[in-house]
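The structures considered in this document are given below.
There are two complexes below, and they share chain A, which is joined by chain B in the first and by chain C in the second.
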Partner chain A sequence: MARFRIMRLLALRNLLSHKVSSAIVGGIIVFGTFLVVLGTSILDTIDEAMARGITASLAGHLQVYSADAQDDLALFGGGFMGNAEIGTIPDFAVVRKKLEAIDNVEAVIPMGMSLHTDVPASELDLAITRLRQAVATGDPGEIDSLAQQIRDMAADIEEEQNKTRAIARKEEQVRIDERLEILRRVRSEAFWQALSRTPEEELTYLDGKLAPLSLEGEMLWMRNLGTDLDRFAERFDRFELVAGELVPTGRRGLLLAERFCEDQLKNKVARDLDQIFTAVTERGQKIAQDPETKDKARRLPGQYRRVTYDISPEDAALIVERLAPLVGVGKNIEETIKTLLTVTDENLAAHHKAFYEQVAPHIRLYKAKVGDTLTLRSYTKSGYIKSLNVRIWGIYRFKSLEKSDLAGAQNLLDIVSFRELYGIMTKEKQEELSAIRKEVGAAAVNRDDAEAMLFGGGDALETRAQQTDMDDAEIFGADGALAVARAESDGFDPTQVDQGLALNAAVILKDPDRLDETRAQIAAVSKAEGLNLQVVDWQQASGIVGQLIIVIRIVLYVAIFIIFLVALAIINNSMVMATLERIDEIGTMRALGAQRSFVMGVFLLETLILGAFAGLVGAVAGAAVVGLLGHAGIPAPNDIMIFVFSGPRLFPAVGASNVIFALAVIFLVSLASTFYPARIAARISPVVAMQSKE
Partner chain B sequence: MAANIWRHWKPRESSMSDIVQLNNVVKEYALGKTVVRALRGVSLTLARGEFIAVAGPSGSGKTTLLNLIGCVDKATSGTVTLDGAETNTLDDHALTELRLHKLGFVFQSFNLIQVLNVYQNVEFPILLQGTSTGGERHRMVEEIIDRVGLKEYLRHRPNELSGGQRQRVAIARALVGKPMVVLADEPTGNLDSKTGQSIIDLMKQMNREEQTTFIFSTHDPRVMEQAQRVIELVDGQITANGAQPAKA
Partner chain C sequence: MLSSLLCVLVLSAAPTTPLSEPQMVEILKTIDDRQRNSGDYTALAYIEQKERDKDDLLYEAVIYRRDDDDKLMILFTRPKAEAGKGYLRLDKNLFFYDPSVGKWERRTERERIGGTGSQRSDFDESRLAEEYNPTYVGAEKLGAFGVHQLELRAKPGADVTYPVMRLWVDEKTINILKAQELALSGKLMRTTYYPKWNTLFSEDKGKEVYFPQEIRIYDEVEKGNSTLVVMRKVDLKSLESNIFTKAWLESKSR
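Entry: the complex of A and B
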């Protein structure tokens, strides 16, 4: 005890009398501990936030999928848009039954992510359809206004084509010239005079020649997650319906993601205006500050036609009148909209508000809306194009992930429709197929032909759709909104949901803390029952972004490691220096009867005291900063971070484990860095005390 | 330790009062490729209570001799026996224990621990010994500091003291643990003659009062004269080893 007291005294006194080196070493330790506490606290909070966000929105706690998968399961943005080859779970019902028998398993929900396309009608398509109706009902006012709209659009396209021509190769120019010829004809007075004489001829020309040139009627890619919609909505806490209703049990249906609507379906002018508005109001930027925002704002007025096409003459008069106080009197609708879209830092708020109050209600703000029916197309596994009409019942989002494009990238589709689009045969279809085989003779029917017979209902249509050479009367519904290819039953037997294929399944646990244990149980059950499943946790399952956190953690640990390696080198070096400085003193102590262990003890104690003190200061500072951040929140700088933070802001909190970890690391580093100098010190001979030094 | 005493006890050459014996001690230092013979066959005996000077010109081997007696170094050949224990056979740990319990040191450059004050410096050896209680220690430290005349300076740091005062602290530190032998290598070497004399007087007084054996080296004839016995070294060999009439 007494010996320890003198050791402590010596250590303290040495620290105090070597202020500079103590300050340097202490400073490094303070910084290191600060960083560890701050870094691990934020990471742990992110982990928790992500865990809550991901598990409660899409992944569940565990995911199971085929052990034969070629790719890793990536629920969010991994692989090429979710078209990874993850194998199949052929009989979901069995998997559900076996897994739900495990005591900690709350629910098993079937899933399947796939890419589908839809070709929504372009503005031009719609105008032509309305023109056809107006011609049929013989409404001259309507015909005139639509004619004007179509000519405006043609002018727009012509402008684009001219621009393209300027940079195109020779062969390409020839094709562009053909298009320009069509556009010129449609814009001519003669063409519209001819319409009144031979309407069918001109309308067909518009459909056949002009419509395909539309800039807008591009294919829409959709990432659709086929699932048991009822149980999905019930089991995933973050699920939230924002418009429409849930798809009724036993009906086909789509729930669109809110972000998908905003990013993919919204009128481009409105979307650009939103983005400028967000940059200015939410991020507090000036328009000119960010090149992208600046560019958007510059181009916005030129896109006024994307708005005016949609506006009927009566509505136009109303809008002109209502907006006059804001944009000035005596303007026509084009000038009015153009002025409205000319935004500056000062007028942005007023113009944005006016746009949504006065203009938006009169235009088609989204390419599809609740109640519309989309024609989903997909390539089946055997290469055929399969199409299916599915009604949009509602719009959903994941709570607190509203702003994340990643989390909002997938729409929800009933799993029965998913299976059909996926092209795997249900039992009934298989039976049907074998019946056909018998009829035709097995040898004559290969699998593809058979599928063509079974699924081929849409083939003819597909071919046409691909060429965007659609027959409007057949394709567009009365509301003129979207494709209605075939009338087919949109109901099914609810028991079918579980019967059949899934690509993967989310497993929701009763007690998430027992995740590892349950994962092992599932693996065991899969093996015992021959389910051929692999089990991954939510983090692995969520794909590259979910694993981002693991990467961040590794980066942090490597950074910590490097910092402490440097600290170790510096502490080591300064202790060696201190040892050399203190050779006489150490020699004297040894001569007086101090053992080697005593000398080592003094050195170790010195770093431990310094480490403990500086470590505490660093930990307190780290905790204080985390506390401040936890109060204010760290804003997510971009979409990926919104996803990672599981919300627009992260509120970090310090846990005891963070502090303990930091102090433990400091403890080890102190010990490690002192070991070598302490050994040198212990080897100093007592003889040195006797050597005279004048 | 008791076993060691018997094992190395040599009745022929020693009497009960002999505490240090050197028998034909040779010490060589390797200096690059050459070998320096610092001691060339030194034999001598120190008895309890003696006050001995080791004299000789610079480089004659005085420090080397004290190092060997002081157990901070080992002989190349020959034996050094301290209180019955042959030091050549002991490891570092045992030698350190010997130094701690049986020896006291006074150095030419005082060698106080700079970061400790007078009290703590003096307390250091008995804290290491760990055989006394806090109360005992306190008494022992205060008493010895009082006796060396530094009662007023308990809380002073070494750098606040004069050279003579520092050497007094060193003597107090050497004596506080009740050693058998105090070794002092040129204890007055860094002091003026008047201060040096007062240090020699203090050592003499302690030798008388405590019966502690003192062996100190010096090349100053006036210091040498005050010893009971002077061992003269020249080129690593003893040229004279005899009692001299004590000066009153």
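Entry: the complex of A and C
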């Protein structure tokens, strides 16, 4: 004990007598410990947040999918964005039954992600389609309203064409003149009078001549997750309905993601205005200074037609009147909207508010809304194109991930509709195709042999064919029309949800802490029962973004490793220097009977005392900063970080494990860095020490 | 008829002599005229698409044409899941109708008919002389047949699927045996063979109407993909006047 006390006193004396080197080494240790505590605390919080966010929103704790998959499952998008080849689970009911028999498995939910498109149509195409329906139903009020709308659109296109003509070359002018003639005809009274006499002729003219002059409709790509909607809403507690209702049990339907609606369905002018508003109010940018926001604001007034097309003449008068105090009196609707969309840093708040209060209620703010029916189209696995009308029942989001585009990219679709759009080749269909092929009896000709096979023999090229009467009865049957394969109905037997294929399935556990154990159990059951499944945890299943945390952790550990490597070199160097400076002292101590172990102990203790003190200071500082961040929150700078933080802000918390880990690392680094100089010091003999003095 | 005969005689007499521009234009007009019918045209077609590592796509479709009005309709009749779907060409617009959802969509000129490698132009009337300017490439052999190779470039403003075509025309019969379609960059997109031509007497036209009995299309971009079109039956009788309308096509599915 007395020996240790002397060692401690000597170590303390040495530390205090070499203040500069002690301060440098101590500073490095403080910084290293601070970084370890701060970094590991943030990473652990992210880990927990992601685990909560991902497992409770889309992935479950584990995911199972075919062992024969060509690609990895990536729920939040990998390189294939929803069209990855992950194989199929042919009979989900069997998988559910077998996996739910495992004691820690709470629920197994079928899933399948696929890209679908909505049938594109321009505003003009839509108006003409509605006019066709109004003519068919004989609704004069609707016909007049649509006729006015189409004439207004024609007037706008005419204005654009006239502008283009002014700068066009002569040959182009000829084509523009042909278009102008079409536009003049459509705007004439005579054309609309003729609509009542020869509707098909006039509607065909609008379809064939006028509609191609407007911009094409934008293709709407949808990433739809087919699932058991009832159990999805019940089991994933981050799920939150924000509009409409859940799809009733046994009905086809879509639940649109709120972010998808904002990013894809919203009127482009409103969307751009929102983006400018968010940049200014939430990110503190200035229209006058930020190039991107400035450019967006500059282009906004030019898009006024995307707003005015939707406004009826009655609504236009009302809007003009109500906006006059803001944009000035005596303006027509076009000028009013243009002025409203001319935004600056000064007027943005007022114009944004006026747009939503006075204009938005009178336009089609979203391309589709709750209650509408979307026509989903996909290229099925059998190669044919399949379209399906599906009603939008509601809009949903994942709590705390409201602002994440990644988490809000997928809409939810009932799995029965998903299966139809996925469209595997059935045995029945294969037999039908074989019968048709057999009837025709045409032989396949390989590309490389085609010329030799088709023309090598010099057979006669021309043959006189026989006239064949093809009457309607032969083509269309006795009914005079073809039987069409339509979706069975808007509803289905709820037991069908489990009876059929899924691409993957989410496994929700009773006790998530037993994840690894349950994963092994599922793998064993799959093997024993021949389910042919592979099991991945939520982090693997979520794709590249979900695994970002692993990358961040590696980067942090590499940074810590480098810092401590530098610390190790500096401590080592400074202790070697201290040893050389203290040869006399060590020689004297040794001459007085100090053992080598005593000398070594003094040096090790010296570093350990410094390490413990500096480590504690660093740990306290790190914990304090984590505490402050935990109070204020770290804002997520972009969409990916919103997803990683599982919300717009991360509130880190420090745990005992973070501090213990940091101090343990410091202890090891201190020991390792002092071991070599301590050995040198211990090997100094009294004789050598005295000789060096001479 | 006389111009066709003269054309055949002139070309047969001097097979290896480079053709002048008027001669080439005459060939194109002959090809167009032979396939044109003054009245209407109905054909029952079989379309088969083969793609590497995928199931074959098969269709049976009825093709309706009224060449005088530049109208075309393709109505799928089999397999039963595809029955009632159809394309309608009105002026320069191609529309697609899917009765299962009751919707019409506007499609582009390069639409792959039913997802196969065939396009609208494979079923529509031939308008080569109207849409392209020819240049002579040379005389050569295609299998056992002596052929003229022509290169066609689209006329300004012409509404064509591909801006450049190469044609191999049989010296003796003036039938197209092979065609290649190229993008403006010169990239080869498709190679098509017409190994058999049928003729049918048209009372409206007062002479024979030509149609390829078999069309074999090879995708040069997605190598390994090919399409076969077989015209199983052709009928030249007059069609109902209102047939080329959206309303008519809609009425043919229940």
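Basically, the second predicted complex is superposed on the first by the 537 of 694 C-alpha atoms of A that agree within 3 Å, B and C clash if a C-alpha of one lies under 4 Å from a C-alpha of the other, contacts with A are read in each partner's own complex, and residues count from 1 in each chain.
Everything below uses one rule, namely that contacts are C-beta pairs under 8 Å (C-beta built on N, C-alpha and C of every residue); 3 or more make two chains touch, one makes a residue touch a chain.
Just so it is clear, the structure is predicted and the values come from calculations on it, not from any experiment.
Colleague: If we overlay the two complexes on their shared chain A, which of chain B and chain C does A:389 touch? Say first, second, both or neither.
Modeller: A:389: touches chain C, not chain B.
Colleague: One more residue to check, A:379. First (chain B), second (chain C), both or neither?
Modeller: Touch partner of A:379: chain C, not chain B.
Colleague: Per the overlay, which chain contacts more chain A residues, chain B or chain C?
Modeller: Of chain B and chain C, more residues of chain A lie in contact with C.
Colleague: Touching A:17 in the superposition: chain B (first), chain C (second), both, neither?
Modeller: first
Colleague: Touch test for A:102: chain B only (first), chain C only (second), both, or neither?
Modeller: Touch status of A:102: no partner.
Colleague: For A:204, using the defined touch cut-off, is the partner it touches chain B, chain C, both, or neither? Pick first, second, both or neither.
Modeller: Once the two structures are laid over each other on A, A:204 reaches chain C alone.
Colleague: Is A:242 touching the first partner chain B, the second partner chain C, both, or neither of them?
Modeller: After superposing on A, A:242 lies clear of both chain B and chain C.
Colleague: Output check: A:584 vs chain B and chain C. Expected answer is one of first, second, both, neither. What do you get?
Modeller: The first partner, chain B, only.
Colleague: Could you pull out which residues of chain A sit against chain B in one structure and against chain C in the other?
Modeller: Common to the two interfaces on chain A: nothing.
Colleague: Spell out the part of chain A that touches chain C in their complex, as residue ranges.
Modeller: Listed in rising order, the residues are 119-121, 125, 129, 132, 171, 175, 200, 203-204, 207-209, 211-212, 216, 375, 379, 382-385, 387-389, 425, 429-430, 432-433, 436-437, 440, 442, 444-445, 447, 450-452, 454-458, 461-470, 475-476, 479-487.
Colleague: What residues on chain B touch chain A, complex-wise?
Modeller: For chain B paired with chain A, touching residues are 63, 66-67, 70, 72-73, 92-93, 96-97, 99-101, 103, 105, 107-109, 111, 113-116, 120, 123-125, 127-130, 134, 137, 173, 177, 185-186, 189-190.
Colleague: Which stretch or stretches of chain A touch chain B in the complex?
Modeller: So the residues of chain A in touch with chain B come to 2-3, 5-6, 9-10, 13-14, 16-17, 584-585, 588-596, 598, 685-687, 689-694.
Colleague: Sort out for me which residues of chain C touch chain A in the complex.
Modeller: Answer in residue numbers: 42, 44, 46, 48-51, 54-58, 60, 62, 77-84, 90-93, 95, 98-106, 114-115, 142-145, 156-157, 170, 173, 175, 177-178, 193, 195-201, 210-211, 213-214, 216, 218, 223-224, 226, 228, 230, 232-237, 242, 245-247, 251-254.
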